[in-house]
Amino acid sequence: MEKTKILWINPINVDAYDQPMGEFIDTIRLPGTEVEVISFRGSIPLNNLEYRTFEAMTVADTVHAARYADEQGFDAAVIGCFYDPALEDAREISGKTVVIAPCQASVQLASNLANNFSVIIGQEKWRAQMSERIHAYGYGSRLASMRSIDIPVPDLQKDCEYTAEKIIDAGRLAIQEDKAESLILGCTCTFGLFETVQKELNVPVIDPIVAAFKSAEFMGSLKKQFQWYPSRKWTSAAPPEELIQSFGLFKNPPSIGNRYLLKEAL
Amino acid sequence: MEKTKILWINPINVDAYDQPMGEFIDTIRLPGTEVEVISFRGSIPLNNLEYRTFEAMTVADTVHAARYADEQGFDAAVIGCFYDPALEDAREISGKTVVIAPCQASVQLASNLANNFSVIIGQEKWRAQMSERIHAYGYGSRLASMRSIDIPVPDLQKDCEYTAEKIIDAGRLAIQEDKAESLILGCTCTFGLFETVQKELNVPVIDPIVAAFKSAEFMGSLKKQFQWYPSRKWTSAAPPEELIQSFGLFKNPPSIGNRYLLKEAL
Amino acid sequence: MEKTKILWINPINVDAYDQPMGEFIDTIRLPGTEVEVISFRGSIPLNNLEYRTFEAMTVADTVHAARYADEQGFDAAVIGCFYDPALEDAREISGKTVVIAPCQASVQLASNLANNFSVIIGQEKWRAQMSERIHAYGYGSRLASMRSIDIPVPDLQKDCEYTAEKIIDAGRLAIQEDKAESLILGCTCTFGLFETVQKELNVPVIDPIVAAFKSAEFMGSLKKQFQWYPSRKWTSAAPPEELIQSFGLFKNPPSIGNRYLLKEAL
Amino acid sequence: MEKTKILWINPINVDAYDQPMGEFIDTIRLPGTEVEVISFRGSIPLNNLEYRTFEAMTVADTVHAARYADEQGFDAAVIGCFYDPALEDAREISGKTVVIAPCQASVQLASNLANNFSVIIGQEKWRAQMSERIHAYGYGSRLASMRSIDIPVPDLQKDCEYTAEKIIDAGRLAIQEDKAESLILGCTCTFGLFETVQKELNVPVIDPIVAAFKSAEFMGSLKKQFQWYPSRKWTSAAPPEELIQSFGLFKNPPSIGNRYLLKEAL
Amino acid sequence: MEKTKILWINPINVDAYDQPMGEFIDTIRLPGTEVEVISFRGSIPLNNLEYRTFEAMTVADTVHAARYADEQGFDAAVIGCFYDPALEDAREISGKTVVIAPCQASVQLASNLANNFSVIIGQEKWRAQMSERIHAYGYGSRLASMRSIDIPVPDLQKDCEYTAEKIIDAGRLAIQEDKAESLILGCTCTFGLFETVQKELNVPVIDPIVAAFKSAEFMGSLKKQFQWYPSRKWTSAAPPEELIQSFGLFKNPPSIGNRYLLKEAL
Amino acid sequence: MEKTKILWINPINVDAYDQPMGEFIDTIRLPGTEVEVISFRGSIPLNNLEYRTFEAMTVADTVHAARYADEQGFDAAVIGCFYDPALEDAREISGKTVVIAPCQASVQLASNLANNFSVIIGQEKWRAQMSERIHAYGYGSRLASMRSIDIPVPDLQKDCEYTAEKIIDAGRLAIQEDKAESLILGCTCTFGLFETVQKELNVPVIDPIVAAFKSAEFMGSLKKQFQWYPSRKWTSAAPPEELIQSFGLFKNPPSIGNRYLLKEAL
């Protein structure tokens, strides 16, 4: 069987996370999975999506990246932010590429491991949007609580020990007070911490990067094996190609500012 | 009392609708309401948002327009498309400007006039996204049905008589088969037709342009009178101004390709 | 354009609130809006609707008042109690008059200003009925909490400073503990206090009298301008006029015990 | 054990149904159950509640009847209309009397006999209000459909054979098209027909009079045996007696226009 | 009228509860109701269903008991555990016997007595399954809270005074903190305690044994009187008898390890 | 990395499907995945679970098989029936083994490929139980419809061409009439047909065996790689081992009537 090819999109305009995430993904990919990690080349140095305003600045680039994923023959693409920004838009234009996002992937996995989950969030700000996502995916009744650790995104990786400590504190409260049976880390910037938390708290702790990447690898392999491509019927239909051409929608190259490649087998 | 100032955003990259919509709005505004109709200057000649892919191309510009609305002291801004694209994003950054969108405005009005409504849509494609919007706004149980007239957006205004006929046919079926008690026209491009349909079918027929514009005028006047500005608490918080500055988020002028002004009183 | 005519119904049998509310409404109406404030002439001196039992005593009179509103050519009528008592009944018989009620008007306005709201109630007793209303209107998922100030209706206006203090305390808790982003005052007897609370707490504070009156004025003007009359189709149908006549349903004059008029322009 | 005492309220102003319903109830009561069937003495000859407007005219009388039920020591009272009009109001003031209504009783019984049910209604008009009731009671997901037989209330008992035929036709469609597994007759005026329909269609057919009366008899006996009186806590609290007195709320005798008594054992 | 015959199934493999429950039921049955209390003869001495694993061991026996109930002409059968284990399965095969279970019976009764209820559970473990049941029955919005007394099933009857005390404490918190207006005791092993709790807390306290037994007696009598047998249509259909025979599904006698009979009248 | 070990449980008492399913699974497993397909040795020759009654007969054996899976070190176990029978029970006792079932696996996969799905069922009988499952999993709003092909389970594989034809007909109607964008085959006995249907109808067609097996393989590998074992906290807790021992719950060998092994690599 051919190799599965995954595009990991960091939907921000700086390359700071590309290599560390790529290196982390390198430790979890299947032998034979090829990965390309990209970030955008947007004109402003956006380094997080904590606000909808920031997210809005990247939506067009994410859509273009989904188009690029299809053109380059990627089996699956991941939008690397727990808000799952532009997921439905990217899915519309992704052709034969399956598009996966961390929040949806995490709740699907967690529901196979526990009757409910709490989400650890960085700030109260995140609550409404993530809660809406989880309800829209159908998992609202399994959401035991959201607990904030009160650390903005750019600081999450500044002092990992401190962050881990705060996550453990919030997670413990989620378990004890809110009767959570599993935890989801609600930010893709906390990668690498889930195992510490899991050992400490003794419930499954879902890292959204792991969840999203492994789900993409999985859906990508199913796509190859069973021709399970995204539906293009009714509301899943893509714009007609003539219209795309007439608008010159993708005449410019996609907004890729940086590439980090994982090609050779482990 | 000062004049109410409204920004009407046509979230597309052509100016074709600006004047006709402006002229239509001119016939429905209160004396003393000032209106600025704008469309974007995007590099591709996008003339409709029928697909999520197209919509995604305009999200950043809509957000920038919402910022502009606040800076220019508009009391309210309208996103002129029935998908209500980027509504939550625009609301985050709009400062003291109230942001209104046609779908939400229409269902709120209709619920004061009838126990349920059907939405007339252009194509099956629209169903999922609009239905999700209506459910998210809390009006899912009042949605009697969606009925498609099978005409793509760019053709809706080509032959208004034909469009009106199709709307009347679909509306009649909605009333007879789906027990609809009122109708909402699910596209901002059908303006001017609601009165014909209303006379023919004898139920309230909500034109989303009218609904959105008049709601914006209304919310804008309430804002002035009672200081009912958008909340900036918790999940409604805007990004910190320092961060906006450091990213240079709005250092460029907003993406305005065309302006149509209604200044003087009727 | 003709003047908009509004009927404000205080659905109680004493006239104590008519003048103060009328005077308050006088400060918020548009120039040219004519208002008639009425209360009922019921045989028992009912001065509040805090219990369903009391409310039940007024339902027939409210329905008759809605009929009267139509006969007198009012554009809109308001049922002046936050329980929205007899709203659906009044809407059935109101002919061309749009009927508005404070709770529905308040949640519709609040949803344009914040992602959620808390309702400040006078007593625990109110919780179930108001909560049911809010859920029925489709806004259950936006209801952050209800917080009681433990003051019965007749005492709410006894010591306004004390009431305001209690509202501010409850509102602060709603914001801090329940993550409320806006507040709705759950009683029409607290009019005049919202601005104090709003200044203190720095989130939008919706006064239900303001919300209901301004919404009625708005819907009334839309009715005139666009012939947006209440639907009379299917479940919105009124009883056949023959039946009304044969029963002599409205042969007696409506139950109006007091009238307070606002005619001349501001 | 003492006899169970039931008050059956026909919430209309004519006595036409009192004797036939009483005679029907006589055939289904337990030995030892005492029954008083009443109708109101309202000034207008209201003989049906097909419209909310009509219903509103009777709400105060129903509440007064619930008070009367408690004062006279009735164990349970039934509001004899499938809209369950004023049920919550009557429950508030009924003291130690349990208040039962046909729609709620019917859906509770039906759910013990089948996975879903359809409701046969007289006219399309009834759909919204009954559907709201059923959803509010928590049985919305079991409602397979509502099917109208297009006969107004006053005609339902004019030609019972014709009515039965129409019910059988509608019921058969409900079973075949809507996959109904049981039927509820959505009007208390169709009593006596359920057995014919049941034999013909071979699914359980719930007569709402039977359901309501037998449920009242049941709850009434439980009340006696286990002191299961209505809760008077929080939102179930009744108005304070002092307030009732000071308003003179029940100083007049209840609005009873006719009485039909079933005292002696079968 | 013939006597109503009830089968009470204790779905465990020990007979410890049969006589005490039978004696308790003897104090609450109607004159003329015949009761057979059974437990199973399973090879392992299962004495509680606190875990799904235990419950699973009894499902086949419960189904067989439902078949037996029909064959022996029981009018109704009760599955005596508040998880309502195998209720849907038993209902499928029970022929003309109505099958009742404590949780569903309790929430139906409670909803006639109060606007909401809290359930007192033995351990946190029970929360998910009971909560799912209550939501599935349509009563999720009336569930004020579940409060655990932290006592495993086998200890509930060890020191009844201690258990009652803990129930009263939990119930008081449910009323004060969670605004409960009635209580349901979430275990069939606490029978006999509800009256103490009810007197102490002054809200209706539903004992699930009483609720289930009396509901079965009620539904059983309705079945006789009105031929209200369980539906056998569509999803309520039983397996074809030929298939049952060909599998030899019920060729062995039912798994009855003990019988306690109540035959003669009180 | 060690090999992933999967237990596939055919929860019936005949071995007829073991080899064909095993051979089919052999064509889709990853190199290195070991599979054991089992069926039960129950005393009655149950060959399908079309009725709840039949399903009930197998629940204890499925639970025992889940225990066996844990004892034998299987990474994941699959319950091979689209009703997902005894899923929650098996998950409770499965220790470190992840338990997967076809319906849940199918809806999770489908939701990554299309905005909605229809389920093709064998008979109307299946509708309620499967619909409840899908709603409980949170995917009710994505269920476009269920369409029956009117073939009982034992006949599904009798004439595969006929079955495929009927599936294609039902699927086409689901797409055309119900606006389905993907299909799920609602029975594990139709394996092998999905590719034919998919080619014909040009939307993703999910085979529940493929979905369940591949999901189990996936979750099993995640378990190994990230220690994502099932939660054992709160409602996910297993019974205490002492209790299991004292009951002798698993003292007998599991009910395995037949084994089909896939050990060597592809």
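The chains carry the letters A, B, C, D, E and F, assigned in the order they are written, with residues numbered from 1 in each.
Keep this in mind: contacts are C-beta pairs under 8 Å (C-beta built on N, C-alpha and C of every residue); 3 or more make two chains touch, one makes a residue touch a chain.
Here's who's who by UniProt: A, B, C, D, E, F = Allantoin racemase.
Computed from a predicted structure; not experimentally measured.
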Other chains in touch with both chain E (Allantoin racemase) and chain F (Allantoin racemase): A, D
Where chain C (Allantoin racemase) and chain F (Allantoin racemase) are represented by their mean Cα positions, the distance between them in whole Å: 55
Separation of mean Cα positions, chain D (Allantoin racemase) and chain B (Allantoin racemase) [Å, integer]: 46
Residues of chain D (Allantoin racemase) touching at least two other chains: 115-116, 124, 127-128, 141, 179, 234-235
Arrangement of touching chains [line / ring / star / complete / other]: other
Complete list of chain pairs which touch one another: A-B, A-C, A-E, A-F, B-C, B-D, B-F, C-D, C-E, D-E, D-F, E-F
Chain F (Allantoin racemase) to chain B (Allantoin racemase) touching residues, read off their complex: 115-116, 141, 179
Touch list for chain A (Allantoin racemase) against partner chain F (Allantoin racemase), complex: 28, 98, 100, 104, 108-109, 111-116, 137-142, 175, 179-182, 194-195, 198, 202-204, 206-207, 210, 214-215, 218-219, 222, 225-231, 233-236
Interface residues, chain C (Allantoin racemase) side, partner chain D (Allantoin racemase) - complex: 44-46, 50-57, 59-60, 62-63, 86, 88-89, 92-93, 124-129, 132, 136, 234-235, 237-239, 244, 247-249, 251
Footprint of chain D (Allantoin racemase) on chain F (Allantoin racemase) - complex, ascending: 124, 127-128, 135
